[in-house]
Each structure stands twice: as structure tokens, then as C-alpha cells.
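Worksheet: the structure to be examined is printed underneath.
Labels A, B, C, D, E and F are assigned to the chains in the order they are written; within every chain, residues are numbered from 1.
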Amino acid sequence: MPVITMELGKVSIEQKRELVTKVTELTAGVTGVPKEAFIVLIKENDAESTGFGGELLSDKRAKMAAEKKVGGNYE
Amino acid sequence: MPVITMELGKVSIEQKRELVTKVTELTAGVTGVPKEAFIVLIKENDAESTGFGGELLSDKRAKMAAEKKVGGNYE
Amino acid sequence: MPVITMELGKVSIEQKRELVTKVTELTAGVTGVPKEAFIVLIKENDAESTGFGGELLSDKRAKMAAEKKVGGNYE
Amino acid sequence: MPVITMELGKVSIEQKRELVTKVTELTAGVTGVPKEAFIVLIKENDAESTGFGGELLSDKRAKMAAEKKVGGNYE
Amino acid sequence: MPVITMELGKVSIEQKRELVTKVTELTAGVTGVPKEAFIVLIKENDAESTGFGGELLSDKRAKMAAEKKVGGNYE
Amino acid sequence: MPVITMELGKVSIEQKRELVTKVTELTAGVTGVPKEAFIVLIKENDAESTGFGGELLSDKRAKMAAEKKVGGNYE
């Protein structure tokens, strides 16, 4: 019956496969619930739709990129 | 105030219409809460983003399709 | 794989049994997904933790009860 | 640690930015939890995937538009 | 139709009332959706059931309290 | 920013600690997102509030216990 919802950013299908396999295995091991009963839902969130510390993630990243550029030729 | 979130695979608009109408009616009937107060959110999940029994649903389906093919010309 | 989360107020175990049985049956019928794959999570929310139209549900209910009382000895 | 999930319709990036900033500020102020700990997830739902009062939101809107039209040249 | 779910720690009913009122008002103002359509669900999470940065929140707090104590009789 | 919600049955604080630590570590490793950004919410669901395959989990367990008893003094 366990349902694990993973709110993440963009992830590749390889990463999704690894997450589903390993998170199910790990949680089944810790809880003793058989693997077959597990559902994992992976939700990909745009940086423009995600707030972190009161700021859009896309804005945070834009600022960090700009600061790096000022730091000299894309350090 | 009831909020019903339905995590499903791909569904057509006709299926969505039927689900919203009937699930609201059914739950209103059981709980006695008036229909007008209900919100239903239908979430469509890709098979590549869904884990079932520790495996990506898309991988499970690919395996099942391959087994059928081996079983003799698309049984 | 379908996961249906029902955010409701207080419900009895009989109501929960009826909801789980009938919502699963209905959704399985509409989507064609086998009943065995369904998970239903019933979440009971206190009126004090639920906002409806910008007001705590518990406050709304207290107001409605007071208005009834004023209307003539518990109409 | 607070996680605020906002299930909305379509919103622009400007609206997302304003919501993330102000909802975080407001909730941090009320709870005393520092802004840096907040995550806000904005989920945009299609009207075709949303039920309100037992009806698809897209159907409700289509009906309202039709009623307006009948009322005399797009009142 | 908007549904706002707030995953928080322990909050008083006064804080819940303030959050429901102000978050609904703010979001209605930004989105133009009428206040009456809003549902807010406040979920209180125990520190023992919440992970932050890979550690139980209850463990983090216990460590911080111990460090303070060592720092000189409850600085 | 990742938020992982784990809908489980009853779990001990030791199990919660292990899940939070290992699921965060695993997901941080797969996604490359730093551990510090992770929030894990563990939700414990009563068997009476959980439907599995169209039946209350509590009813399923009661049936299984009864079948075992008939099978000869608690095989």
C-alpha cells in the first residue's frame, strides 16, 4: 500500500528507473512491506513553478549564473 | 470542502467527465456533504514516471509486450 | 497504479468501507484498470485545520449555529 | 521545513513570482519559521482535468459563455 | 477551485485562522479567482516524522538544544 | 527543493530515522541535488483509512487472520 511521491526537478528516465528501483527496495527493507505493494510517483517541477526560501528557483539560478559571469569568464 | 485527487495514467476528457460526475455524486451521497463543495483534481502520470512493485510501469509494459510477441505472433 | 486521495472531514469506518469499495469499482470501470491495482487514502481533516472561502470551517459552522439559535430557540 | 502546494489554474510567471514571495513571507511571519526553510510548489491544472461541484470546470465555463452569448451579443 | 495545502509543524488555531484568511486573500488577489472558491488544508507534521537535510527534525533540534546547554548554562 | 512524501502504515521512530537518512542520501546521489535541500514527510495511515484493491486494509487483514486461525491453531 505504500505510496511514495517524489517532487523533483527535471530527471532523465535512467534516473527515474534508478530511483523507483532503489527507493522501493530500501523502503521495503526498512518497513518489511513486500516490494510488490509499492507505488512511486515521480513529479517533475519547473524551476519557474518552484519557490525555495521565498524566491522562484529560476530567479535564484539566474542570479547565481550572473554572479559567476561577473566573477571572470565563466569561472 | 472535500478534495479528491486522482493519480491515474492517461485518460480521455470523456473519462474525466464521467469520473468527476460520478465520484462527486457517490462521495456526496456517502458523506452527506453537498455536491457543490467538492473539488476533484485528475492528475495524469506518464508510465515512465510511475513505479509499480519496484519497476517503471513503462518497463513492465515493454516486458509484457515482448513476452506476448515471443508467445507466437502477437497472441 | 491508481492512487486516490480523499481529503474529507470526519467519516465513520462504515463510510470509509463504502467509499473505498465503490470509488475503486467506479474508477476501475471507467478506466479499465484492474481493481487490484488501486490504492485509496482517506484523510480526515479537522474543521479547525480547514479553510473554505477564506474562513476556518469551524468558525463558519459556529456562526451558522449562532444564527440558527437567534432565529428562535434552535429552529 | 514548510511545504506549501498550490493547486491553481493557469498562472503567469509574474503571478508565480508574486505568490512565492508573498505566501512565504506571510507564512514565515505567522509561524515564526525562517523564510529560507520554505518550499512552495505551484501546480497548474487544466480546466478539463478539474472537477468543481461535480462538473468539469471546462464544461462549466463553456455553459457560462453560451449563456452570456444568448443574453445578447456578448454582454 | 484553488486548493492550497500547507505542510507545517504545530500551529495554534489563531495561527490557522490567520493563515487561512490571509493566504486566501493574497492568492485571490494575485490570481483574480474569487475567495469563495478557495480551499486551504493545514497539515501539522510531527518533528519525528519530518526529514530536513537528511536528518529527522526532532534529532536536529535535540542536537541544537544540547549544543546550547554546553555553551554555558542555557545561553 | 526536493520533497519526498512517504504514505506508509505505522512506523517506529527508528524506521523513520533510517528512511529519512537513506532515502535522502540515495535521491541526492541519483539527482546530484545537495542533501541539505531535501524535505521528507512521513505520513502514517491507519489500516481503517486505507483501501487496497477495493477493500479496507483492516478488513483484508482481519480476513487473513481468520483464514490462518481456521487453518489449525494459528499456523
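Throughout what follows, a contact is a pair of C-beta atoms (placed from the backbone, for glycine too) under 8 Å apart; a residue touches a chain by one contact, two chains touch by 3 or more.
Everything quoted here is computed from the prediction, not taken from an experiment.
Asker: Which chain pair is joined by more contacting C-beta pairs, A-D or D-E?
Answerer: The comparison resolves to D-E.
Asker: Please indicate which chain is farthest from chain D, where distance is taken between mean Cα coordinates of the chains.
Answerer: F
Asker: Distance-wise, how many Å sit between the C-alpha centres of chain B and chain C, to the nearest whole number?
Answerer: Using C-alpha averages as centres, the distance is 20 Å.
Asker: Can you work out the whole-Å distance between the CA centroids of chain B and chain E?
Answerer: 31
Asker: So which stretches of chain A touch two or more other chains?
Answerer: Touching at least two other chains: 1, 3-4, 7, 19, 23, 37, 39, 41, 45, 50, 52.
Asker: Thinking of each chain as a vertex joined to the chains it touches, would you call that graph a line, ring, star, complete, or other?
Answerer: Shape = other; not a path, cycle, star or full graph.
Asker: Considering the complex alone, what residue numbers of chain A touch chain B?
Answerer: It is residues 4, 13, 16-17, 19-21, 23-25, 28, 35-44 of chain A that touch chain B.
Asker: Where on chain B does chain C make contact in their complex?
Answerer: Contacts found on chain B: 1-9, 11, 15, 18-19, 22-23, 26-27, 30-31, 33, 37, 45, 50, 52, 57.
Asker: Taking the complex as given, what residues does chain D use to touch chain B?
Answerer: 7, 45, 48-56, 58-59
Asker: Residue numbers of chain C touching chain A in their complex, please.
Answerer: 1, 3, 39, 41
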